[in-house]
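Letters A, B and C name the chains as they come in the text, with residue numbers starting at 1 for each one.
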Amino acid sequence: MNPQLDADGRLRHFLDTEGLSRETLTHILDTAESFAEVSEHAVKKVPLLRGKTIVNLFFEASTRTRTTFELAAKRLSADVLNINISTSAAVKGESLLDTLRNLEAMHCDMFVVRHADSGAAHFMARHVQPHISVVNAGDGRHAHPTQAMLDAFTIRRHKPDFENLTVAIIGDILHSRVARSQIAALRILGVPEIRVVAPRTLLPAKPRALGVVPFTDLVEGVHGADVVITLRLQKERMRGALLPSEHEFFQLYGLTEERLREASPDAIVMHPGPINRGVEMDSRVADGPRSVILQQVSHGIAIRMAVMSITLGAIRSEGTT
Amino acid sequence: MNPQLDADGRLRHFLDTEGLSRETLTHILDTAESFAEVSEHAVKKVPLLRGKTIVNLFFEASTRTRTTFELAAKRLSADVLNINISTSAAVKGESLLDTLRNLEAMHCDMFVVRHADSGAAHFMARHVQPHISVVNAGDGRHAHPTQAMLDAFTIRRHKPDFENLTVAIIGDILHSRVARSQIAALRILGVPEIRVVAPRTLLPAKPRALGVVPFTDLVEGVHGADVVITLRLQKERMRGALLPSEHEFFQLYGLTEERLREASPDAIVMHPGPINRGVEMDSRVADGPRSVILQQVSHGIAIRMAVMSITLGAIRSEGTT
Amino acid sequence: MNPQLDADGRLRHFLDTEGLSRETLTHILDTAESFAEVSEHAVKKVPLLRGKTIVNLFFEASTRTRTTFELAAKRLSADVLNINISTSAAVKGESLLDTLRNLEAMHCDMFVVRHADSGAAHFMARHVQPHISVVNAGDGRHAHPTQAMLDAFTIRRHKPDFENLTVAIIGDILHSRVARSQIAALRILGVPEIRVVAPRTLLPAKPRALGVVPFTDLVEGVHGADVVITLRLQKERMRGALLPSEHEFFQLYGLTEERLREASPDAIVMHPGPINRGVEMDSRVADGPRSVILQQVSHGIAIRMAVMSITLGAIRSEGTT
């Protein structure tokens, strides 16, 4: 029933954290542990995906995300094609489905897709041939599951027991594909308390239905938290009516050393990057001892290597053991 | 005498199908057969061109064509450089010859060239050093020989006996480098009847001299054909005086299921892509049982692998056996 | 003390020729000799940097320079990432330091940096983690050390004894990072007479302090020289008040066959490319028997392979023997 799984329950696509089992997510985290070591070796390559062709199909520009997928693929010895669609086929009026069919015909093995429309990755997964895997690298406001998993990985390295955690997510929850995927992943992994902290206009309409506790006050929301995640503020939205200014956002929701003292004494601070310093958080927090933001970046490679290896069947899936 | 052959009659450049022998074209097709299998393996790489440097030198943007050459080169284990000239040296006022001399000095082995000017690939082949090969990836209105060969390959897989075929090519024959290279290739391979179907303004001036039979009526042109090839309509030209509108073109020359019934019962339908659905053909034809359009894309990789291997001397040329 | 060396005196970064020892520069030249042969082999690859990740971080577009670094890295079997910052993170307002930290966290091993600001490469070298090397691919008006070393390499191949040479550098000395790095390298290597030839407005303010002899007359400056280096004229500057026109520059400082007769009978002519033909020199000189301009391009790959291998510790540094 889950479009990400094949008939044997094996993870074939990675589109969303929602709807997956705790076993599947844990298997991804465990596999990433072994790859985290590979990246620290002098020779950072393993031949797991040699001869496979992975296509970065980016309909939305993102050098940072594309780079992490490209590095992950190269360290698995796959061949990588970077295709930026806004400057190519889309201009010639080719449909998404025709683009897909053509890349399939070239015997590509995986599509890593980023698209401004929610549901684009699911659409592709529904239409690709049986031997091809689709990985969602961010679709509209919907999901960004590899980001959520690298966040879960980073949390687990510092706080191994998900079942005893309080996690606070601060920022534009309503429009964030990162928050949506994080919430789903952390719930599946057993986190008992997930808080969302934002001005009322940026909170989800029915937080309880999502299993999260809403806060409009930052200090209350952060109080006692083990993990504090700040989201990137999309500046485009600041120009609209939802928020008056960056300055005002920082006054109310910017993470400072003082406010962070409300959290648990050994709380970690996370951010998906790139940080707007002085908007989402103060530089002293971003670069301070609680920050694990650069670890998130490192773990992003390991998680993407894990997701690529598992979905392409190069590593035994937990579903088949 | 033929600029594509070296002193021993070996294929050194691939600029045009015109002027080559049936043996040479057949050798390319036969070599591509072996590569077509490589692309279907789990590990799609062979080490034939390891340590060679292949430069995609694109003066005209074409993600699709560039991608097929890039994949072909990577599956032969070559290193690939993508150089888009409109955004680099040309801006600094460097001449084509200086660009060439510089890339030669970097010890590149092959230039895959796409250029808006007819004759650009021949110009380069005349001026490169003896150890370098030039492959034409489309030059102006002149030639697109790898497209013609992948079409011939696709035809041969369905209709092995070229000498008993009727092929109809529909569209803007006059301005099409694809049509020009197809006609030359199919004549050399022995196809006895090649028809061109277009409004009078888009037909070549002297079709008989090209060895083709002109038709202005689609139904007559397709009648009894074994192979129906539709060309991509260049929308830029629609804005000129040659054709009034896409809609009118489809009315007169668009391939529909009904019109296709005029062809031979087991006729195949081809298109170089990307298709303008509802202009050159109806989606029911494009996605229907007679369409081999996606096979053309697959075969494009195999043909380019064959051309690269043969011209770089990694596979024995038919001229040397 | 020198930011390019580690505690053991090993070359860790390559930012500038200035301040390095003759032994270090000679070690780079000797190492490049072995790589110059690799590029002429049928298989142009060696596995020295397999599993390493080299990032071309270009804040200023330069296809030609980027290409030589990319080829050098690929021929050493490294993985290469091309990041053009003007079109990515910088747009999102990320600082140079944040970009650096993120790429470090992805376990990249080397940054090849080109930047419009003088000192950018030094800034990065000061801030990267201990295991990462920075190579300067041109920073503002400051330095372009790999260009200077490929020039020294080319000179040595024709004139092995640096201590008996007269070198004339012609053009906009004042604003040229190439000239600055050449002068430093040639002085360190022992060249006794380095002349700079330019209109007064383009000469350095205190030439004697740089160890060079200024000339405003081309014929006098070239007289008896063993090596004549012409710099590329930045056309942007022509529009300013410093020089009236390309035509006038050629009249006064363009290298012609006649003027070249003033130099030593076996003088060589060099240019960093791309040449503005008819501005810096006549085509008869550029393509003539004295020109070693294309050899410079070839040697550029070998020098970059040497610098990459030495700084990443894949080849024993002269400082550790």
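We adopt the following convention: contacts are C-beta pairs under 8 Å (C-beta built on N, C-alpha and C of every residue); 3 or more make two chains touch, one makes a residue touch a chain.
Computed from a prediction, not measured in an experiment: that's the story for all the values here.
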Angle of the C-alpha superposing rotation, chain B to chain C, to the nearest 5 degrees: 120
Same or different contact residues where chain C meets its copy chain A, judged by the half mark: different
Cα-centroid distance, chain A relative to chain C, in whole angstrom: 41
Chain C: positions in contact with at least two other chains: none
Sites on chain B touched by chain A in the complex: 39-45, 61-64, 67-68, 70-71, 74-75, 235, 273-277, 294-298, 300-301
Touching residues on chain A, where the partner in the complex is chain B: 50-53, 79, 81, 83, 87-89, 92-95, 98, 101-102, 104-107
